[in-house]
C-alpha cells in the first residue's frame, strides 16, 4: 500500500514536473559571491536575458541573489557556475521561488508606512470583524490603541456564505476606518474580494488583506501583487502550507508587494473550536520563506476565552504579530461576536502578550550567543 | 463539553441570524393554491413589491411558488395567508432559498442546448484535463463520443497551485474545443476562473464550469449567474454541503442560470486517493435542492483504475450524470495523467455504466409503483 | 516545501524501515512454479527453516506461494530463485504480507458456516444496533430474513463514549441473538471489545466483529486471530487504508482466521453525515488484498434516508456485501435510531439492491469476455 | 440544510439521552454549603444510598461536592435542595461528571511521588521513544536530567502499525528505565497497551501512559483506573475533546487514579507535520476539567526543528508540562528519530522554556491582582 501510494504521489508530481519542463522548466537561482562586482552581476543578467529569461535581483545583506524566471531549459548547458563572481547556481525544486528562504536568506521586514513587521517586534492589529459605522469604528480604534495595537482592522467587504447575509458597508466603511485610524495615528488593514475594488481599497488602506476563501483566487492574487501595498495573505480554509507558499508566489512574481502570511486555523473534524489553530505553521513558514507571519487567534479558535491563551502561544511560537477581533459590545456585534474580545479582556490579553514579547526578546538573545 | 459546544454553535448561528434580521430578515416563500388565478398571484406580487420586496416567480407543475427577497420584516404583519389563492406562506430558515427543494418541489431539468440533465437519464461529459491542441481535443472528442458521452470537457484556463505551471491555452483552446465538439455533434463544458473572461468563455461553451477553488468566489458566482448559461458548480476542496448550497444561491439569485452540482471529492487525511469521493452528497443534494447533481470520479479518486468502480457507484447513488477525464495517451498528458482513462478503459467503463443506468431505470419504476 | 515534505516523509519511513531491517528485515515471498513438485516445495521450506524463518504456505488455485516470516536478512545471499521449482522470490516492501494480493492472487472466499462471502455474490447482514431483548431481536431477525439478509447483526457489548451510557446486555444478549438467528436459519455477527470475552463471543457467533475504535487494538487483533472464526474488521474512525491492511495482518499472521473488511465511513470536517462514507476503499482493498470487503451504509452516513442510496452505491462499487441497521421502531431504538431502517424502508432497499446485484453479475460477465 | 443538520444532531443526541434516561439518567451533583456539617453531608449520602445510588465525595478547598452515580430518576422527586446544608443540586448535561470542572472547581494537583503536576509549575518528561537497552536509557536519563526534566519517558511496549515492526523490549525494558530513572533521581512514565501487563507496568513506573490508539479502549481505561497510579491519557489520533473528556471519565469513575491529559496532535489533511498540534485543547481542557494537561510537541509536529517552538507555545498556552522525545543519536534511533532532539537542541529548548515559564508566572500574578 505505502509503496503504491508513494508511487502514485510520485506519478502525480512527475506529471506536473514533466509538464513544467515542457513549458517552463525548473527555475534557477544564481547566488553571487559577496565580492562580486556590479559588472559581474550585469554579465550574468545579460546572459540570462539573451536566453529569454527575466531576472529578479535580490540584494541581500551579504550578497546578491538572482532569480531567473522563464524557460530555463535553454540555459541548462550554460555553465553559470564558471562565470566570474558566481558562487553557485541552483535549480529550485520547489514550485515557489521568490517566496523561498533560499532566494532571500535574510528575513524580509515589511514596512507598513513606518510600522515594521518582521524585525523581531510583535505587531498587533485589532478591530471589529465588520465596520458598522463611524462611531463604532472610532470606539474600536480607541480600544485598540489603548491596548497597544498599531494597526486597525475592520471589514468593509465581507465574504458571506449566504447571499442574503450582510455584505459590508463598502466604500463608506473604508472611509470610516481610514478616518478612525488617522485620528488615533494607526495604520489600516482591510480585505479586498473583488479585483474591481482593488484601487479603491488600496486608496484607503495600508495593508490589503486576501481572505481565506480567496487564497487560491489566482487572478486576485496577481492583481493585488501589482499594487505595491503589503499583502496580508490568509491561509485557505483547508490550505496546505505548500499551497500557501505557492499562492504567495503569485503575488511575489509581480515584483512589487511584500507579503505577510496570516495563520487563521484550518478546517478539521474538531467542533470544539471554529477552526483548528495550526501554530506549527509559524516555524514552518519561517523555515521555508523570508516573509513575516502573524497569527489570528480569533478565527483560529472562534471562542473569545480561547483567544488570549492562543495569542500568548502565538508570541511564543515566534510569530511577528497578530490580528484580533475586538468589539465594544461583542454580544451586539453584527458578525463574529462570539470570538470578539471586549475592552477588559482585550487589555488583559495585551498585558500578557507584552510579558511574553519581553521573554521572547531574551530568548532571541540566547540564540545569538 | 457537548453542552457548551452546542451553545457555542448556537451563539455563532444566533449571531449571524440576528444580524440577518437586522439587515434582511428571514426570507419568505408564498405557495399559491393550484387553483389560484393569475389575478390572485398578481395581487400578492404587488403587495410584496409595495413593501420593497423583489419577487421571484416559480411556475411549478402543480402550482406557483413565489420567493420574496429583501427585508421581509416589513411584511411580518401582513397576513399573506389570508389572501385569496394563497395556500401557505412560510419563512425559510435555510440561508438559501431559490436553490431549495421547498421553493421548487419538482426536479429542475437543465436543458443544455437539447441535452437534458436531471430528467432521469445519465449524461456523461468526457474529455481531457487540459486542451493541448486541436489534434488532441479532436481525438478526445472522437473517443468521448465513441463511449457515449454527449458533452466534451477540456480546460483552456487551468487553476494551478504554482504560477510557473502551465496555465492553459486560453481563447485558442476555447476555439479548438468548440470546433472539435461541433465536428462530433457534442456540447462543451469548460471552466472560467476570471470575471473578465466570462463573455469569452460563454461564447464558446454550453455549460460554464466553476472550479473547486472558486466555490466561494462570490463575485465570480454572481457574474456567471447573469449569463443565462447552465453553470456546473464544483464542490469546494473542503466545502460543506451547506456552503455549497449557499454558493449555488449566489448564482440562483441572479435569476437566469440553472445550476448543475458537481461532486468531486473532499480533502481529508486519507492519502490513498487524491480526494475522498463523498457520494453521500448525491442523495443529500437531491433532498435539499431541485437542481441536478453529477459526479466527477476522476478528481474524486485521482487514480485511473478507481474511476470505473466509482463511476458505477455514482450511477447507483442516483446521480444525473458524470464528468470524467480521458486522454489518448495518459502517460503523456500535460496534466492529470494518472487519473485519466485511455480509450480501452473508458469504453469498458461506459459499457458498465450503461448496464447500471438500465438497472436504475428499473429501480425508479419500483419507486413509482 | 514539497521537497522538504517528501524528504521528511522519506526520513520517517526510512527510520521505520531501517529499524525493521535491524530486527526483522523485509519479508520475502517465494512463488513456486505451477509445475513445482511437493519435494521442491519442501526443499525451499527446509532451507528457510534452517535460516530461522517460519514459513506460511498458501496453496493457490494455480500455484503455491510461500511466505517467509522472520529476519530474512540471513537469506539475502541465498539464491532462492535458482532453486528447482521456484518461479520467483520477491521481497515485499509493504509492511503487510499475508493480507496482500501478491501473496494470494486469487480472491479469498470466506465461508461463514455455509454462507460464502467474496465469491461474487452480495451478502447482507442486518439487525439492530443493540440487542434489547429476545422479542426485539426475534422481530429484527424476521425482518432481516424477509428482506433477504442471511446474517443477523446485533451488539451485546457496546463501545460507548460515556461510561454512563448503556453498555449492552452482555452474555444474555449473545444467547438471545443466537436463538433468534437459529430460529430463522441465519448466521450471527457480533462485536467483541474485550480479550476476556473472546471465548464467550466465539461460542455464540459465526463472525466476530472488531469495531472501529479497536482497529489498532493490536492485542485484541492477535487474540481474535487465534479463534479460527472469520473476523469482520471495521475500518478505524480515522484509519488510513494502509493502517487497515496492516491491522488485518495482525490477524492474518496468526494463521487461522480469514478477514472481512468493513468500510464504515471516516471522520472528516463534513457534518451533514455522521461519517464520510469512503466507497473508494472498496476497489482499493480489492486491489491490494485478497480478502473480501463489505460496506456499512448505516454508520457510513448516520441518516436513514441516505442508507438506501449508499447501499446501492456499495453494490456498484464492487463490494461483497453490506451490514445495515434495522429496527422495528427506529424512533424508540436504544441506540442509533436515526440511522436505522424500518421494515418498509429496509425491504424497499433490498429490492433495489437485488436489481443492482443482477446488473453487477452482467458487468462481471463483460469482464470475463 | 443547517436546520436539517442541526435537527439531525439533535436526534442523535436525543437518542442517546433518551436511552441514558431509560438505563441511567442524567447524573446529579450536590453542592454542599461551605458551612455544611458532617452530619448534614452524611444525611444526603444516606438518602442517595437509600435510592440505590453510589456517592463520590469530593472535599474541595471551600466546600464538599457529592457526585451521585446510578439511576438518578429515582431521586427526581426528592427535594435535595431543601435539605439542610445543601447549597445546590444540579443535573449534569455533560456525559462526563467526575472529570468536570463543575464537580471539582479547584485544579487537581497530581502528585507523582513528590513531583507535582498542575500546581502552576511546568514539569518536563523527556526520554527516548523506545527503550533500546540499559546504556541508551541511562544516557537519555542523564541528558534529560541535565536539561531539567524530572520524569523519564521511554517505551517498553510499542504500538506498531505493522506486526513485523519492533514491538519493544517488554519487561526487560521496564527494568532498565526504572534503574536509569533511579540513578538520576527521576520518575518514570511508560505506556501500557495490554490489560494483562498493567500490574507489571505499574510495578516499574510512576505514571501509566495510555497511548493515542487506546483512548477509547474502554476496558483498558477501566483497568488502569483501578491501579491508583496517575494516568497519562493521550488524546486519540482523531479524538474530539468531548470524547477525550469522556474517556477520562472511564478512569475517574473507578475512583482511584488521577488523570493527566496529554495533547499530542490530531490527524488532519496537512502533511507538512506528522499531526496537527491542537494547542487550543489546553485552555479548553482547563475550562471543562480540573485535571492537569501537558503537551507532546514531538508527536504534535513529528519534525525535530519544530519541537522547540511548539514547546514554547505549549508553555504560553497554559499547559502544566510537556513530554518530549530525546535521543543521544536521533539518526540511529530505533523509532521516531526524525522528531527526537539531541542533547544540544534539547538543552537549548529547555533554556527557552525556562524563560517562558518565568514569564507565565508573572502573567499568573497579573491575573490574581
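Every chain is named by a letter (A, B, C and D) in the order it is written, and numbering of its residues begins at 1.
Everything that follows uses one rule, which is that a residue touches a chain if its C-beta (ideal position, glycine included) is under 8 Å from a C-beta of that chain, and two chains touch if they have at least 3 such contacts.
These are the chains along with the protein names UniProt gives them: A, B, C, D = 3-deoxy-7-phosphoheptulonate synthase.
The structure displayed is predicted, hence computed values, not measured ones.
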{"item": "Distance-maximising chain from chain C - centres being C-alpha averages", "value": "A"}
{"item": "Centre-to-centre distance between chain C and chain A (centres being mean Cα positions), rounded to whole Å", "value": "46"}
{"item": "Rounded Å distance, chain A centre to chain B centre (Cα mean)", "value": "33"}
{"item": "Inter-centroid spacing, chain C versus chain B (mean Cα positions, whole Å)", "value": "36"}
{"item": "Residue numbers of chain B (touch at least two other chains)", "value": "1, 5, 9, 95-96, 238, 241-242, 267-269, 271-272"}
{"item": "Topology of the chain contact graph, where touching chains are joined (line, ring, star, complete, other)", "value": "complete"}
{"item": "In the complex with chain B, residue positions of chain C that touch it", "value": "238, 240-242, 266, 268-273, 276-284, 287, 300-301, 305-306, 309-310, 312-318, 348, 351-352, 355-356, 358-359, 362-363, 366"}
{"item": "Residue ranges of chain B in contact with chain A within the complex", "value": "1, 5, 8-9, 11-12, 15-16, 19-20, 22-24, 27, 69, 95-97, 159-166, 193-196, 213-214, 216-219, 222, 236-238, 242-243, 246-247, 249-250, 253, 267, 271-272, 274, 302-303, 333-338"}
{"item": "Residues of chain D that touch chain B when the two form their complex", "value": "1-6, 9, 13, 93-96, 238, 241-242, 245, 267-269, 271, 288"}
